[in-house]
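There are two complexes below, and they share subunit A, which is joined by subunit B in the first and by subunit C in the second.
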Partner chain A sequence: MPRDDEDPQLRELQRVLPLAKLTVGELWLKYFALGGSAGRFEIEAYLSSAHLLPPLERDLVAQAVNEHFMDLSVDVRVPYSSSLEPGEGESPK
Partner chain B sequence: MTGTASGAMNQEQLQDLLLASPGFSNFMLELAMAAAAGLGTGPPVLCSITVEREGFPVTVASSDAAAMVLDERQYFFNEGPCLTALRQHRRVLIPDLASSRKWARYAWEIRSSGVAAILAVPVEAGKGTAAALNYYAFDTSTIDDAFILAVETLSTAISRILQLALRFHLPSPEGTDFGPALRSRALIDAAVAVIMIQGRCSRAQALQMLQQAASNENSRIRDQAIRILNQARRGHPGPMM
Partner chain C sequence: MVRIQTGLPLAEELVAVAASASGMLLTHVTVAETLKLITSAAKLSLPAAIGAGVTLLDANAHKTSTAFSDAVVERVDLAQYKLEQGPCLSAWATAETVVVNDIAQDTRWPLWSRAVSSLAVAASISAPLLSTGGEAFGAVKVYSNRTGSFDDRSRQILELLAAQAAVLILNAQTRENAERLSDDLQHALRTRDLIGMAKGLIMARHGVDEEGAIRHLIKESANSHLPLRTVSLGIIEAAAAQRS
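On to the complex of A and B.
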């Protein structure tokens, strides 16, 4: 199911992902290691704008890529939903 | 085995493969025990995990050697609160061991330990396996309603880790080292369980708190998880990392 391309987090992720030089499987493993619940195919579909993920899962994908950039000492970061959607009120606190 | 991390492998298959690492089960169980020992703010308790397969119970992890001894007295007589919890799949609470008629023999057996109250809660451990989390307290006021609720939450939270830890007799996939990924996941799951118990929140909320803390500091989720676990372990020395 195609989705709108207006999600700035996904757009930025798609833009920087080639710099990370990760296969989908490698990215999924990193995301899984951080507590992610979505399956590998869901992640693949999300990356190609064909599947929606909840904000937490999207942020964990972003975190996985960002931690990989930390490993590479590359100063690039994918934004998190909290920084893109101020006042969304999804905080658990 | 031709599958790799980038192949068509689902999460369950991967988790199975992750168990190849020999020291892995101990590592995960230690994490579970660290989370368990950090429960509540009251006086310290002893805790352990008993697993029974084919009628043969064994303590797979314990916060303390004393907890293992207390478990083993039960195995020797083939009865006791933790064996009842795992075999009958129900919670067993002995609020005051000294006045318990049902457990008088076990109470006599362990009289020198100073244990005053016991809680045993079953843990879902997969087919053909029964498991229980056991808590031994030194006074009768430690195991209150909040404590029981926390242990039951933890029991649910560690079920998956425990099932993974118990299935380590699997061949290693060639050329792929999944160990670091599952170690990281185990750390984060354990920290999430601690946050769920302390904050009375859902898994998603707990994980979101960890993720936000990491993003605020431009740090790693794993480092946040270690910080949470270390806080939980204060006053509960044990083998870990």
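On to the complex of A and C.
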């Protein structure tokens, strides 16, 4: 898979991650708790732009970080992928 | 598109956690209990001792935990960490044993010597606690109320004791970390369960696939500023209430 340095979601995640003060292991466990299925090593590689994740897995990483910010009462959120925007993403009823 | 995941994900991660957790079953001695044990052993092994203590330090010389045999040791020791100087900090910083024959006359830590001059301590010996990599992570110290109480023999004894103590402490720390990890993992698995249940309910209710269901939950979480676990619990409880 090609590198995707232009992914705004990942760029924002990399920017705010230092504020979260989470180790990769801690972040992975939170992501795993939310139903994530990528391994810890894959998450580490994704965070350093060395590995691509499917949109849903990326959104679960974003969600894990966002929930941590909710816990800390910090008003920072990582954006979700565009397929989460209203009107998209959900399969037909 | 149906995207159902089969098999247990992340088997490797879970196996590692289970393996580290099973080590805990052998013995349940905590770090705090280990430190107390070492403190009494140190006091008993040097006849001139009036008290002993153990302090663990992190990489920034911040005290992480500590144990004392006697109140006087606690006061003498507290002064070191408050003033940021003293034989134990030197033993930790240099990874070498430090012997003080006469605390009042010694010029290496003038602030500390003055601060403890009113206390009944005259001599001290501090041995570093070393990791397998040779890095100091704390110190064991013994105090005496007579000057010149500690010689080369005392140094040998305390260094032997410190070497044993380091192994005990590192083992106890590993166990405590594994225990904490296992608690965190249990919580993570429960959360994963709850979210899984909520996903199933949403799939049935809205006729969406698994991915559609998790997106639905994420959207609800973003709108309500509540974590997925809480959102899922709400959905599960509502469904349970409907049945009853």
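Observations, loosely collected:
To be clear about the criterion, the second predicted complex is superposed on the first by the 80 of 93 C-alpha atoms of A that agree within 3 Å, B and C clash if a C-alpha of one lies under 4 Å from a C-alpha of the other, contacts with A are read in each partner's own complex, and residues count from 1 in each chain.
One rule holds for everything that comes next: contacts are C-beta pairs under 8 Å (C-beta built on N, C-alpha and C of every residue); 3 or more make two chains touch, one makes a residue touch a chain.
If you're wondering where the values come from, they're calculated on a predicted model, not measured in any experiment.
Looking at the shared chain after the overlay, A:G39 reaches both subunit B and subunit C. When the two complexes are overlaid on their common chain A, residue A:H51 makes contact with neither subunit B nor subunit C. In the superposition on chain A, contact of A:V24 is made with subunit B only, not with subunit C. Where the contact sets of subunit A with subunit B and with subunit C meet, they give residues 28-30, 32-35, 39-40, 56, 59-60, 63, 66-67, 70, 77, 80, 83, 90-91, 93. Residues 23-26, 28-30, 32-35, 39-40, 54, 56, 59-60, 63, 66-67, 70, 77, 80, 82-83, 90-93 of subunit A are the ones touching subunit B in the complex. Residues of subunit A that touch subunit C in their complex: 28-30, 32-35, 37, 39-40, 56, 59-60, 63, 66-67, 70-71, 77, 80, 83-84, 89-91, 93.
On the subunit B side of its complex with subunit A, the touching residues are 4-11, 14, 178, 180-182, 184-185, 188-189, 192, 199, 201-202, 204-212, 214-215, 218, 220-222.
On the side of subunit C, the complex with subunit A involves touching residues 1, 5, 9-10, 12-13, 184-185, 187-189, 191-192, 195-196, 199, 206-209, 211-212, 214-216, 218-219, 221-222, 225-229.
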